[in-house]
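Okay, so chain A shows up in both of these, paired with chain B first and chain C after.
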Partner chain A sequence: MTRETGDVTRVDHGRTLMSGEPLVFHCNHYNYWLQKTLLLPEGLGMRAVIRDAASSAAHAMITQAARERGATEPAEILRIAADCFSALGFGTMDFSGAGEAGGAVRTPTSHYGQCLRMASGADFAEPQELFDQGYAAGALAAAHGRPAGSYAARSEASQSMGAEVGEIALAPRETPADFFTAPGRGPHAAGDVPPQSPDTNVDEGAVLSALAGLDLSGNEEGLLPRFGVILTNHFANFYDRISFEFVRRMDGTGMLDMAEELLVEAGYRCAFNTFGGIMTSAEWDAVVKPQCKTTEDWVHGMVAVANALGWGVWRVHELTPSRLVVRIWDDYESTGYLGMYGESDRFVSHLAAGGVAGLMNLVYPGRIAERPTLDAEYYARIFESPERFEPRGVKCMASGDAYTEVVAER
Partner chain B sequence: MKPPFEVERDARCQRGLRFLYRARFDPDALADALDAAYDGMVVRHVEALGDTRTERVIVQFQVEYRVGEREGEVSLTHRVSASPEIRARSHRVLEDTLTRLAA
Partner chain C sequence: MQKTMEDLFPGNMGRMLMIRVMLKLRMPDLKDMPRTEPLDPSLVSRLETTIAQVQLG
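Entry: the complex of A and B
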């Protein structure tokens, strides 16, 4: 399958960029849970935040991709936009009904429209394709050389509500004064990262080399089923913007701590489903499991795989059956925060915190090596168990530390 | 008569899409037989991971069969847009093929 996308660049500390926009892998379950969390409190205006974050990141990537491909005509640029959408696992997007004056964009397949339903188990009462709406708006603006926020988008038909094909209506608008601008790669750590911990039988270099040979782009439906989950190779700046704006707006209602806890909970869901999916997958059995001689090797093995997800470089600093200390260089939450808001006076790496504790919950109380069925009942059993691990953010690059550090203990 | 395979529905993120079949079969023979069952209208890829060689047999917009990921196991993953009729057919093709190969 030949697609014309932007240039993919591997940069330091495990980060990957497409046309300057940093990418990170996340699965449909995390995407479902995060969006559900953000939309839970009414009155925060999060639907517009999600749409505009998607629009800004897509606009930046597509504008740069068009430059890289020498594309100048709107139709050419929209072809690139559609190819990028599919390559990154978001689905398929048909711009043939849209022009500079707006119009209709169709999504015959959609991660947000179709794959979140698998996670929720039912149709939704409201359209979930906010990302698709923003992407379509950003792409059309890029194609016509307009600013990122210059189209409004709404769902006319939603697959998340049962429609066979998604349809998005776009109309020109004045760009809102506070429209978000994606910061690209943002500030990042200088210097070397320490080598992998010597206290393991897992060879991280071998794991990364093996995974580098896998095709992790969308299939002919533009979707990315892998490791037993459905992945997206998503915009880090999208996740960062929607998460931090949620925290900021919740802070305004006096619920800052609760907002941060909810994002950590989303990180648990990510660990349970994405890490759990990976650790029970055939790919894991082929590459990592043969190297796992001890229970602790399962932790090191998953950390090695996490270092292929674009989340920064994770290093196991300390590991016992009751405690894990992970240090992270260029975690995407910190770099995104720094690029968007500047230095923080609080720990911001909530996904990483939930991921670190979630990994320990899977390996120790969850006994992932015995291949349990990873369903809702099992999640409740291990994440609500008295034996569960809980995370503590100790250092954070967004607060000026050289690396982010998370301690998970029980 | 008991079928010569066991089937397990994946309860995780790909729930409703992914099924694991366990049976005794020769991986190359199974991949070739699936290819033939669709009159060659498939896309095939070989994926090597460590010592594991997986044959992906893809019927576009319908189904992906992954043969050889684990010994004695073949996964069937429906494409999201496959209709209920196509999904039923995808199961039937694999089950008939496994049954024929076991005979």
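Entry: the complex of A and C
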């Protein structure tokens, strides 16, 4: 399968860019729980935020990808946009019904349309393909040399609501005055990151080399099933914008802490499903498990794998059966926050916090080495366990610290 | 028998569900309500309706 996408660049601290836009791997479970959280409070305007965040990141990437490929005609650029959509695991997108005046974009397959249902375990009351809508709008604007916010998008048919094929209607509009501009890679840590902890039998370099040989791009349907979940290689700036705008809009409601707690929970769900899926996968058995001589090695092994996800560089600073301290350089939440809002007076790395606690819960009370079934009952058993770990954000790059630090303790 | 917050939102999973309901209803006071005291039936009805909504996809 040949796809024409943007240039993929590996940069410092485990980050990957496609045509200048930083990418991070996340699964359908995280995408579901994050979006579900953001859409809970009515009146926050989060649907528009999600659409516009997708539009901005897609527009930036596709505009640059077109330059890299020497594409100038709208049809060529839209072909690149469709190929990127599929390569990144978002599905398939057909722009044949859309022109500069707008029109219809079809999604025969869609991560948001089809794969969130697997994570929800229940029907949806509203269309879930807000990302697809924004991506289509940003792509059409890029193809016609218009600003990112030039098209309004709405769902005409939603697979998440039962339609066989998704359909998005696009119409020209004035770009909103407060339209979000994706900051690209954004500010990032200068200097070297400490080496991997010596207190493990796991060779992180060998793990990363083995993972680099895996094809982690979308299949013929543009979907990326792997490790028992459906992955996307997603825009970091998209996640950052929608998460932080949610937090910003919850400020002053008396529920800011609770909103942040739900973002941590989304990260915890992410760890449970993605980390859990990875640690029970054939790839884990082949590459990481043979190096795991102790229970603690399972933590080090998963941290090594996490360093291939584009989330920044995680380092185990301290690990006992009752406590894990992880330091993170260039965690994508911090770099995104700095690029979008400047320095923060609050801890912002909620996904990382949930991920660190989730990892410890899988390894210790969850006994992931015994290959449990990763279902709702198992999740509830760990979450209700008095032995469970809770995370605490101690330092944050977005607040001016040299690295982000999360402590998970029982 | 009248229901309590503990009946509607048991354990840690229930606590996370309560936070979702709280955000959905924009009722920050929910977190300070006594866990074991009987609730007004109209509030129970409202909470149960919202729990069902939140438990949809």
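By our rule, the second predicted complex is superposed on the first by the 408 of 410 C-alpha atoms of A that agree within 3 Å, B and C clash if a C-alpha of one lies under 4 Å from a C-alpha of the other, contacts with A are read in each partner's own complex, and residues count from 1 in each chain.
The working rule: a residue touches a chain if its C-beta (ideal position, glycine included) is under 8 Å from a C-beta of that chain, and two chains touch if they have at least 3 such contacts.
Worth saying up front: this structure is predicted, and the values here are computed from it rather than measured.
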Fit or clash between chain C and chain B when superposed on chain A: fit
Arrangement angle, chain B at one end, chain C at the other, chain A at the vertex (C-alpha, nearest 10°): 100
First, second, both or neither for A:Ala122, with chain B first and chain C second: second
Partner chain in contact with A:Gly228 - chain B first, chain C second, else both or neither: first
Which of chain B and chain C A:Pro41 touches, first, second, both or neither: second
Chain B versus chain C as contact partner of A:Leu262, first or second or both or neither: second
Touched partner set for A:Ile168, first chain B, second chain C, both or neither: neither
Partner chain(s) touched by A:Ile328 [first = chain B, second = chain C, both, neither]: neither
Touching partner for A:Ala380 - first (chain B), second (chain C), both, neither: second
Minimal inter-chain CA distance - chain C and chain B, angstrom: 15
On chain A, the residue positions that both chain B and chain C contact, one per complex: 121
Residues of chain A touching chain B in the complex: 27-29, 108-109, 114-115, 118-119, 121, 210, 213-215, 219-221, 223, 225, 228-230, 273, 276-277, 280, 282-283, 285-287, 290, 373-375
Interface residues, chain C side, partner chain A - complex: 11-13, 16, 19-20, 22-24, 26, 28, 31, 53-57
Residue ranges of chain A touching chain C (in the complex, touch as defined): 32, 36-37, 40-42, 116-117, 120-125, 128, 160, 250, 253-255, 258-259, 261-262, 265, 380, 383-384, 388
Chain B - residues contacting chain A, complex: 10-18, 45, 47-52, 54, 58, 60-61, 64, 66, 69-70, 73, 75, 77, 79-81
